[in-house]
Each structure stands twice: as structure tokens, then as C-alpha cells.
Amino acid sequence: MTPLLKLENVSRRFGGLLALDHVSVSLGRGEVVGLIGPNGAGKTTFVNVVTGLLRPSSGSIEFDGHRIDGQRPDRISRHGIARTFQIVQPFPRLSVRENVAAAALFAGGAKTQTEATSIADEHLAFCGLLADTNKPAGLLPLAGRKRLELAKGLASKPSLLLLDEVNAGLNPSEIDEALRLIAAIASRGITLLLIEHLMKVVAESCSRLLVLHQGRLIADGPTQNIMKNEDVIEAYLGRRYADMQKGAGI
Amino acid sequence: MLWLQVLVNGLALGGLYACIAAGFSLVWGVLNIINVLHGSLIVLGGYLAFFAHQQLGFNPFLFAPVAGALLFLPGFALQRTVINPVMTRPVLMTLVLTFGLTLFLDNLMLVAFTADYRKINPQPPLGVVEFGGVILPLDRLCATMTGLALVSALWLVLRFTQLGRAIVAVRMDREAASLMGIDVHLIYAIAFGLGTFMAGSAGALLAAIFPISSLSSSSYLGKAFVICVLGGLGSLPGVVLGGFALGIIEAYGALAFGPENALTVSFLLLIVLLAVRPTGLLGRKGFT
Amino acid sequence: MLRRAVIAALAAAAFAALLLFGDNYVLRLATTVAMYVTLASAWNIIGGFAGYPSFATAAFFGLGAYASGIALSNGVALSVAWGTAGLVSASFAVVLGLCILHMRGHYFAIGSLVVPDVLREVTNSWVSVTGGGIGLNLPLIGGSAEIQARLFLVVMSLVASATVLAAWTIARSRLGVALRCIEQNEDAAQVIGIDTSRTKIAAFAISSLFIGIAGAIYASWTIYIDPSDVYDVSLSVKPIIMALLGGVGTVAGPIVGAFAFLGFDELIWRNSLEFHSGFLGLLVVALVLFLPAGLREVRLRDLSHWIYKLRRRVAKP
């Protein structure tokens, strides 16, 4: 069975800096995978390269069997990859509903604006934004804007949804709400890649973890195993802590 | 040795052109606005030098910094009052605003000085210098040297004075600069004032070599654009490079297509450059 | 709804009165208004809807004028010449768009600003085809001066209406949604599947189609054109000011702005020929400083409120 997303030896340079270093990974349909790593590890670069905002300096990316590296972002999004931004990017002066309808109209393939609007309303209901449909998106509080990002991503009718730190800046109850949404999305069959800092989110939602460190993929496996992986602990907390852990026999 | 003469013609204007563009580049780099008024300010500097020479016998090359100084305070005040409120607005607004100011100033100068072209004719005339079959007019040489001197002075100020470093800081990161206690709005006004200073000086030098009138403001503006794009924003060495480059391009353009088409050649080049390499030859963030 | 019907009826009545009773001066003024409504509305499609402030309007205008002039000099029928002018402008816009529309902000504005100058110089130099700096004479339409004046008013008004209709249609269409998204957040627009490059070029081409036709009609109307006339920078700047005045990005804004601006213009021109552009400059500065959203901000309600406050202050001893 062809993997949904396949990266082979993908690298990305910025001048002298290697932000992604020969990354190879495959995602299967329906998986819920977490992408973790310390700050500056290259997680957002990873997303940008997959979604076409950046070209890989070398390597290839295949989506559903077709090469997508080097294609423009709008083309890739029409293929069925959607993403949310870490720093949310709405259309500030359009209403919440218009924001989502736009995504449905272009990436989501709706035929008319009316169709796009009703699709938008569905997703708004799913994400709990019905109360704010006519509000200008720029006026939403952070949690609302994060949910708007999610609704827009869903309205793009993706088979793969990349969520970039969708929980950053949310309080615990907002995070629980987000987790419920993520689970509901996964149950619809959409493949998810969550970029996260919060271990709690990753542990609860993801069956598999990828760990990036200084641009390299240093671990890839079931969540429980990764959490105990020496290299991972060293990457996050440093050599001495890892030795301490080993010494304590954990 | 035609090509050598043409090359010398172009080089002879380089420093002057750098002076034309330096103030424009500073304002664009630090305030992030395109000051359409720049061309008119150059013309104003030219008129000041012309009348200073005509009435008081001032040497325009020595008068250049005085012309600049005369324009510094008005520039400072203008930024504080009219330009500051518009700076956070979209590009279109500042462009239209400075365009309105230029319409006003041009009309004022037209009424005050008429459209007649004025040129300073130093008595006795400076003459030329000849070497190896190439002729170099001394007035152009003086203008270029003075222009370079002024640009160098600006560079020294930016590099080695506290004020200069504050200006560079604001250009690099406005918020960080204000967190460090720099009065960002004051810096904006000073930078703009420095821009008008350079414009005034450049105008004085220009008046010594070319006839000027209020109708020529847009062509000087055009030259400043091209030089900034050629040499790259945010870089005074780039402005100097751009100035010499434009001088040479115009000289060869005049040779190939006729002098009346020299500016068109540079505009075409501008479009190509903007499409292909908008950061110019030496451009980068920050301003040194 | 009723208000709109009343406005439409009044406008129609005014137009009819103009046609029947207007003298040549008034007819000429009205035709100029119609021309600028066209230019401002067309500019608004790329400058307002898409947020790309083009200063190249004069380029398309002049190109349309010359394309039509040259075609007419070669015996082409009038409407064909005008249509061709529009197509030539639109094609040029596509090519130009490919060069400069990927630039943002200042760079795009400057890039577009120099285009009319370049075209002017090329036109000046290509003497064999365009007549160079001497200018081009266009064949006369025929008919008395009075009939011609009315004819051109009608034609220019038709083009203006077509432009406004096009803008209105675009605003409601898929293209309009795409343009609004690009204007508000171009990166996000790409991410939700909008082909920003094609969308922008489409807007640019549609905009310049109408500008080119306006230029062509202008040429036939004035019978004589020369490069510095039809490529003049004011043709690029005035429509922008009008759109700003009336409200950028709306359909009615450019119309209101054109009327208001030309009204001011007439007023200033009658009172001070010498300082004409100076006053215009001050107007523009005031506009940007105090009325950034345009005259839309000034509502009739506010106006009567101010008058009320003024009266009260005067009434108090």
C-alpha cells in the first residue's frame, strides 16, 4: 500500500545552516503522528517544505504516489495537504465564515460560493465557532483564531493535515477542547501530523512519534518507546541528564 | 579612445549621483517610506545655491553643506508633523502623501522662481583637465569629490557616533531599539532630516553642473530610485557603487541611444533589476 | 433599495438634461468625469481589490490611445480600433504583470511607476509608426461639434458603466473572493489553494482593458495626441487619489471620488490657475492625513451633527 506522504533524503539549506538534514520518513493513511524536537530543530521548516512554501535543497517528496517537491503551495493544497500556522494567519477583515468559505471554495473544490458557505458552516459547527460566524477574524481571541485555522484546514478537504503547534498559548481547558477536536478529526480518516511541544498532547493523541534534532530525524517509532529513548532525552535535556537517567536505571 | 572618454564621463558623475541617492536610501531604509518629495528637495537645494551664488557670490561646492543644513530643520519638522502619522499605513498612503507634498513644493517653486532653467556659472570658469586624450571637466570633478565627501561624512556619522548607531539600530529592529531606550520617533525625524540635508547638498552640487528647474524634480527622483535598486538598500557603500554604476550606464546609454534616451535606458534596467534581483548589488538588512 | 432607485432615477434625469441642454463646455467636463470614473474604477480592481497599488495606469492609457490612433490611421473601423486598443493594453498588462506582480509593496509601486516613462520614450523614438514627439492626428468622426460632443459623452459614459459593472461583478465573484484574500494575507491565500499569480494577472489585465479603451476614446475625442500628453503621470496618480477619496476597495468609491475630485479641481482651476497643482497637492495631503478611508467616513449624519453642535455653540451667549 503506497504511503500517503513519503520524504526521501530531504534537506533544506539556509545559507550555511542545514535546517533539514537528509530526512527520510513515510506516513501511512489514517495515522496520527507527532513531530517533536527542541526549539530550532527544523519542525516548521519540515512543514514548510512539505506544503511548498519552501523548496527542498535536495531529496524528493511524494504525496499519494506523485512527486510534489518544487510545486507551488496552492497546487499542493489542492492535492489534499492542508496546514495550520503556528502564528495564526487569518484574513483579518473577512468574517469567520468568509475565512472558512474561502478555503472551501479554492482548496476544498466547492463549485459555488453558496456551496462553499454551507460547507463552511458545517466546519464552523464542528470546531465550535458558530457563535462567531459574522465576526471579523482579526477580532477573535487566540483560542478562537486557532480553531479558525483548524476549520480552514478542514474546509480545504485534506487527506493530510499538518497542525503546527496548534496548542501554543492555550490554557489547559482550551487544550482539552483542542484534543477532543483532534480525536474527532482523526476518526474521520484524515491523516494527521502534529507538531507539538506539549508532551501531554502528543502522548494522548499520537500513536507514533518522529523526533527532529538539529535538522536530523533522530527517532521514529511508537510513542511509548520514543519517550524512553536515550537519544531523545539527550536531545531535549542534555547529555548529563541522559546519563543520570541511565544511571538510575530508568 | 572613445570608450575611455565615455567611461570617464560616467565616473565623473559617480560621487554626485551617490550624494543624490544617499538621503533617499537612508529614509527608505530607516523609515521604510519612499520619499517622492526627494526630487523636489534636490531642486530646492539647487535654487538655494544658485541664489547664494548670484546674490552673495558663494562657491556652490562650499555652499553645498550649507544648503543641506538649511533644509535639515524643515525636513525634521515635516517628518514630525505630517509624515509620522502615516508611517504605519500601507505603502500606497505614504507614496500618495509624499506625492502631494511634491506637487505643492514644485508649484511653489514654479511660482517663485519660474520654470526657467538656472545654472551656476562660476567666474572664472573652472575649465578642464586633459590626460591621455581624455577630457575631464573640473566642475564635475569637484562636484563628485564633494559629493563623495558628504556621503563619507554621513557614513562616518552612522558608523561611529551614538546617534548613528541609534539610527542603525532602529533600522534593524525598531522594537528592540525602543526597548533599549531609544526614542524611535526622534530618530525617525532626525533620519528624515539627514535625508533632506543630503538632498539639499546634492542639489547645490547639481546646480553647478547642470541647469535645473522645478520641472526636473521627477528625473532626479528617478535617478535616486535606480541608484538605490542598483546598489541595494540599506548600504551606503552600495549607494556609492550604484551612483558610479548609473553614471557609467547613462554615459554608455547616451552613446548608444542618444543622450535624450539615457534615462529611459536606466529605467528599463530598473525594471529588469527589480524583477531579477531587487536587493541590488550590495543590499542587506541594517544600514552601515 | 428605494434610495438606490431614487439615485438612479436622478442620475438618469441629470444625464438626459445634460444631453439635451448642455453647452460644449459642460459636455466636455462631463465626458472627462466619465473618463476618470472609468480609470478610477479600473484602477480599483488591481489597486483596491487586490491591494497592488499600480502607478502604471498612464502606460495602458497611452498604449490604448496610440494603438487605436495607429489602427485608425490605417483605415480600421472605429469600434474595431477601440476594441483592439483594449486588447493591446490587456496583453501588455499580462506581460508586465509577469515581470512585476510577484514583487510586493514599494518595489511593485516603483516598478509600475517607471513603465509609462519608458513607453513614452519608446513612442517618442519610434517616429515612423507613431509620429514621435510631433504627435498623431486622428481621423475626424464627422458631424457637427455639438453632435460629436454628445456622442463622445455617451460613449465614454457607456465605457464607464461597463467598467463599474465589471468591478461590481468581480466583487461578487470567485475572482473577487480570491482578490480580497490576496489583499489581506497573500501567504495564507496561497495556502488555501488560490493561484495568486494567475489571479493577480487576471485582475491587472481586466483593469488595463478598460483603461486602454478609455485611452482610445480619448484619442478620437481630442483628435490629436502626443506622448507627453497620453503618458502623463497625472493619469496614473489622479485615479488613485479619486479611489482614495471615495473609498478604496469598494465599487462606489471610485465613482464618488471621481465626481468629488473633479468638482474640487474645477473649483480650484476657476480660482487659481497659477497654484492649481499646489492646491491639489495640499488636498491630497489632507486626504491622506484626515480621511484615510475616504469620504465614506464622512456620513450625512455626522455632518448634521456637526452643524447642530456649531449652532448650539453660537446660540449660547
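General remarks:
Residue numbering begins at 1 within each chain, and the chains themselves are lettered A, B and C in the order written.
We take it that a contact is a pair of C-beta atoms (placed from the backbone, for glycine too) under 8 Å apart; a residue touches a chain by one contact, two chains touch by 3 or more.
Just so it is clear, the model here is predicted, and its values are computed rather than measured.
Viewed as a contact network, the protein chains form an open path, each link joining two chains that touch.
When every chain is reduced to the mean of its C-alpha atoms, the one closest to the centre of the whole protein set is C. For the pair chain A and chain B, the distance between C-alpha centroids works out to 49 Å. Averaged C-alpha coordinates put the centre of chain B at 32 Å from the centre of chain C. Mean C-alpha position of chain A lies 45 Å from that of chain C. Residues 51, 53, 72-75, 77-78, 82-83, 85, 89-94, 98, 101-103, 105-108, 113, 152, 156 of chain A are the ones touching chain C in the complex.
Chain B contributes residues 28, 32, 34, 82, 85-86, 89-93, 95-97, 99-108, 111, 218, 222, 225, 229, 260-261, 263-264, 267-268, 270-271, 274-275, 278 to its touches with chain C in the complex. Those residues of chain C whose C-beta lies close enough to touch chain B in the complex are 47, 51, 53, 55, 99-100, 102-103, 105-107, 109-111, 114-115, 117-118, 121-122, 125, 233, 237, 240-241, 244, 248, 274-278, 280-285, 287-289, 292. Across the interface of their complex, chain A is touched by residues 174, 177-178, 180-181, 184-185, 187-196 of chain C.
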